[in-house]
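Structures incoming, each one as structure tokens.
In what follows, subunit A forms one complex with subunit B and a second complex with subunit C.
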Partner chain A sequence: MKNSEGKKGNILDVRDLVIHYELEESTVRAVEGMSFTLGYGETLAFVGETGAGKTTTALGLMRLVPSPPGRMVGGEIFFEGRDIMKASGEELRAIRGEKISFISQDPMTSLNPVMSVGSQIAEMVVLHSGLSMRESRARAEEMLSLVGIRKERMGDYPHQFSGGMRQRVLIAIALACSPALLIADEPTSALDVTIQAQVLNLMKGLKERFDTSMIMITHDLGIAAETCDRVAIIYAGRIVEMADTESLFTEALHPYAIGLFNSIPRIDDDRDLLDALPGLMPDPARLPQGCPFHPRCAHASQECENSAPGLEDVGNGHLLACWLRGKRNSEVGSVAQ
Partner chain B sequence: MIEVRSLKKYFKTKEGMLHAVDDVSFSVEKGETLGLVGESGCGKSTLGRTMIRLIDATSGSVHFEGVNIMELSKGGMKSIRKKIQIVFQDPYSSLNPRMSVKDIIAEPLIVNSTFARSADRDKRVWELMDTVGLARRLAGAYPHELDGGRRQRIGIARALALSPEFIVLDEPVSALDVCIQAQILNLLKVLQKDFGYTYVFISHNLSVVKHVSTRIAVMYLGKIVELAGGREIFKNPAHPYTKALISAIPRPVAGGRDERIILEGDVPSPVNPPAGCRFAGRCAIKTSECEREDPELEEIAGAGVEGGSHFVSCFNSGRSAG
Partner chain C sequence: MVKYVLKRILYLIPVLAGVALIVFTLLYITPGDPAKMMLGERAGEEALRQFRQENGLDRPFFIQFGNFLLKAVTRGDVGKSYITKRPVTEEIMEAFPQTLKLAGYSMLIALCVGIPFGIISAIKQYSMFDTTVIILAMIGISMPAFWLGLLLILLFSVNLGWLPSSGFESFRAMILPSVTLSTGSIAMLTRMTRSCMLEVVRQDYIRTARTKGQKERVVIVKHALGNALIPVITVSGLQFGYLLGGAMLTETIFSIPGVGRLMVNAIMMRDFPVVQGGVLFVALAFSVVNLLVDLLYGYVDPRIRADYK
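Moving on to the complex of A and B:
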């Protein structure tokens, strides 16, 4: 069952991905040249605010961006060496669900309300594994108990479950075919903190058990710190900083990343006022010239207004898209402790 | 300033009585922020609305500056409402989409005939927009044209229009992204400093509540299970539920963290809750006493290294969660 046994290198390699939504009056540049890799067994966090392009990127990886108005403008996506951009509809259907699974934010709307949860898990197995219905139901029972739901509840419908339990059902469906890659889009945002802790704990355990690679989309830096190996900070459709969790959380370098850290209230500090970043994220239909962050950046120079910096290694695999890259963050203003 | 005594709010449902707020007592002092924290369905919003009589209580009293507002007539209530305001969670549905920003902020002034001349009223609206940081050029805009942060500023300006003394903030930043959230939290703090407002701040987010509150009340299934100063409750949480809640917050720091307390199961239904402590079903340190009797909210001695009183409703709070 192990996905990554004996496998080295990257399960996913994304280069210069560009995704636009073409509306009548304007073009929304949701994803503007995203490049990253994901290693076998690795968990990568996509952290950013609403509208940063996190979900569009995730949908793009499975070629699920609704079209129209969405359009995959350019770039390459290699999943286990196969070029997703060139895959046929049939190939894509075989990949989705079986090789790449998706857990959405909202457990209330992503389950079929008129189908028992057992059947929803079994359906997935039948479609992708070639097992018989009886075998698939046995697999569904096994998955339910793995996520901590008694098998007696196989015949129950989504409305009979609480939010946390529904999210567990979604996790059971997503992992039923032991996918190689799991994309979780804000899987716990709709849940209360104690339930969130249960679900994150469960996901962590199952990820290890199935040795799944994972992309975790979240706006919560705490979740990223606790569940992920590497973190990508996303702003206006681009990765502005990407590093392993340890170095990102000890020394964030991008002014936006530093701004994010400083704007969250923490239980371990007693600041009177938060250092709120001024302004708003730019409208993706009207991105500014140059670095998309420069209108809000306290350190912006003429160079930042003229051209956008690329994502470059500033040492030990710490990637940064900022013209200040040579300078230490102490010169830029550091994270409040 | 505000004394809440044995406040109850039950709702009738098909399955029986839903105990949304069940025998809650506390006070709010002038100029402080009392944080009400708890998970969805714990009754914190119902409590916030019942205590200012947006919904009528089943029983209990709320004294505002010495007057029991539960017994006031309609007219008496109207005059006291000028002093009591509320800001709602959802800046999308709590603003009338057919009214301009200026009209929304002016409405409480018109309803209460605060100004005889419209020029004076306009002046007050400009002043309020400046106070909450809304550019005057947005006066003619409609809510749908603005982002969530600006909409929440409109909701705050409207609440401030009548110069209230006491404001209930019901999840005012929950719908906002962290950067906007920080801007609004700062604004609320600055306003409190400048005008001496008293707040009840309702939120499910412990970090946010810790940041804004003088004292914090933790709610579970319609009851306050712990009440203490903001720093004290995080330093010395006494109730096993508070401990689990604090432990469940993901920390945005690299590496090591303490072993997390993970609660089993879900919050039980508030419809016909069982006898005994409401938390007993998920509690790691429960005893047979907890299943028979409901603990009262009592002051614990010897605690309070951070100053102020510390109340908890637990028979076994002296013992550790093991």
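Moving on to the complex of A and C:
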């Protein structure tokens, strides 16, 4: 079954999503008005620092933000035309795993240590396919060999696998019901570099095979460039810039995005120090007034302190949230030099 | 697996020998002459000397201890009671069924109450239920058994007349002592289950189960409980071992002729062989329960099972 066959438009349409963690002493504004769309078969990267709200957004899409303290404050999420925000618990359970599935970032802790990997894959199949336990186990065996693990290891437990193998098992679980949307939350950040490439290639291959749309969360611009059609740069719970991968990599516009690119070491230059962005991401419990990036921005003006810029199209679907967009060429310069 | 069990049984030998040495030494240096205890204060010098000789009491400490161990290991003979003149093992075996019954009921109550309360408390953290359970558990742990036992007798036997205050044959008679004895264990298990559950439900694999679209009830019972119960099993085993040996107060209050009361009486009468045998028996029971718990542990946790091979 092809997920996107004959389907046009967007599988996912998120508008003004706001998610807060309401703690006793403060409110953490993890996601502040996130809007984006995802086309059928498309891969979108969420790039940003730790704590920018990437994972919270992803969990929000499945309505799995831990609550309390998490609360979905507002916004709309349309998945295949259905409003996820208004779905009942039962509808959500039917969507999770079958329609939208999730690969989390730490393979070492994401598998149940007292269940065999075979049962953990089969559990997913039983839940959504209506197959018997025996048929589900057969399907689980199939998935296991698809991710490159011998089916004889069905009965083995997570502690008998390496990190890379466990991530493969998690991928097998996530894809067992051929979901329409796969959310991968830094699927390779806990793995060795050599294993990273293997896992990424595996995911790319399987994504094409199952014709799945994908959101790839990462803080690694390299991974985004390699695997994704479009990239969204996320800062303090907002998308500050979003464009197709090529135009973002050739012409980043937001000062934060430019800073990210400048902080990547290059083999062909002889700088002693990398151009690190000054300062830290603001505490999401105490976001600054106006544009959340202005305290770290070299080009901040009074306008940036007063109000936050919205995400607007600056041409060819390149979206940018920055007051400097009009004056960019003269003042900020471009990253592609 | 068989090799592991054999190894563990072999480990019991040094443990029990150590316990035997400590108990034997303590009783050896305790003031009071066993010969006089047996024959009475007015016994003649000659009779006393003869008794000491017959029982090896005039031999050096290590020879006495060696003889004791040798007889204990080869014949299961840990001496005769000074008072009743019957073999200690016989006395203990007569008392043990009552203790086992009491400890068994108490453990059953503790498991049936403690674990569910702990689970609900953890799922509804900071709720009214949770707060109440935490306070009750605190009281349960702090309340001494003799005090609680007396209060229960006062209420249910003396004032209301619902339940008998002593005896051990009928099920009704076992209710008050079992409840008394189980209170501490209930509290321990509740707190343990609660904290383990709280830790487990925050784990990534619980989130994984939810992202699969699994029902919340199944997530809790199958994924969370399966992991949270592993440390709870250890504590349950320790508690059961403790119940088997530590029911002295409860058995005394409710006049249950178990091992605990046997030992209390023996201590008061300076019946050294019975005390010795009793302590050894408690140590043995504790070790065996622990061994069983460790085997059970391997059954529920595949990571530990791997170490058994």
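Some points to look at:
Keep in mind that, in the parts below, the second predicted complex is superposed on the first by the 325 of 337 C-alpha atoms of A that agree within 3 Å, B and C clash if a C-alpha of one lies under 4 Å from a C-alpha of the other, contacts with A are read in each partner's own complex, and residues count from 1 in each chain.
As a convention for this text, a residue touches a chain if its C-beta (ideal position, glycine included) is under 8 Å from a C-beta of that chain, and two chains touch if they have at least 3 such contacts.
Here the structure is a predicted model, which means the values were calculated and not measured.
When the shared chain is aligned, no partner comes close enough to touch A:A257: not subunit B, not subunit C.
A simple residue count on subunit A separates subunit B from subunit C, and the partner touching more is B. Once the two complexes are overlaid on the shared chain, A:T194 sits against subunit B while remaining clear of subunit C. Using the contact criterion defined above for the overlaid structures, shared-chain residue A:D106 touches subunit C, although it does not reach subunit B. Partner subunit C is touched in their complex by these residues of subunit A: 62, 64, 92-98, 101-102, 104, 106, 109-116, 123-124, 127-128, 157, 159-160, 170, 173. By the touch criterion stated above, subunit C contacts subunit A in their complex at residues 203-205, 207-215, 223, 226-227, 230, 300-303, 306. Touching subunit B in their complex are the following residues of subunit A: 49-50, 162, 164-165, 192-198, 200-201, 219-227, 245-250, 259-268, 270-277, 280-281.
Interface residues of subunit B, counted against subunit A in their complex, comprise 39-40, 147, 149, 177-183, 185-186, 189-190, 204, 206-208, 210-212, 231, 234, 244-255, 257, 260, 262-263, 266-267.
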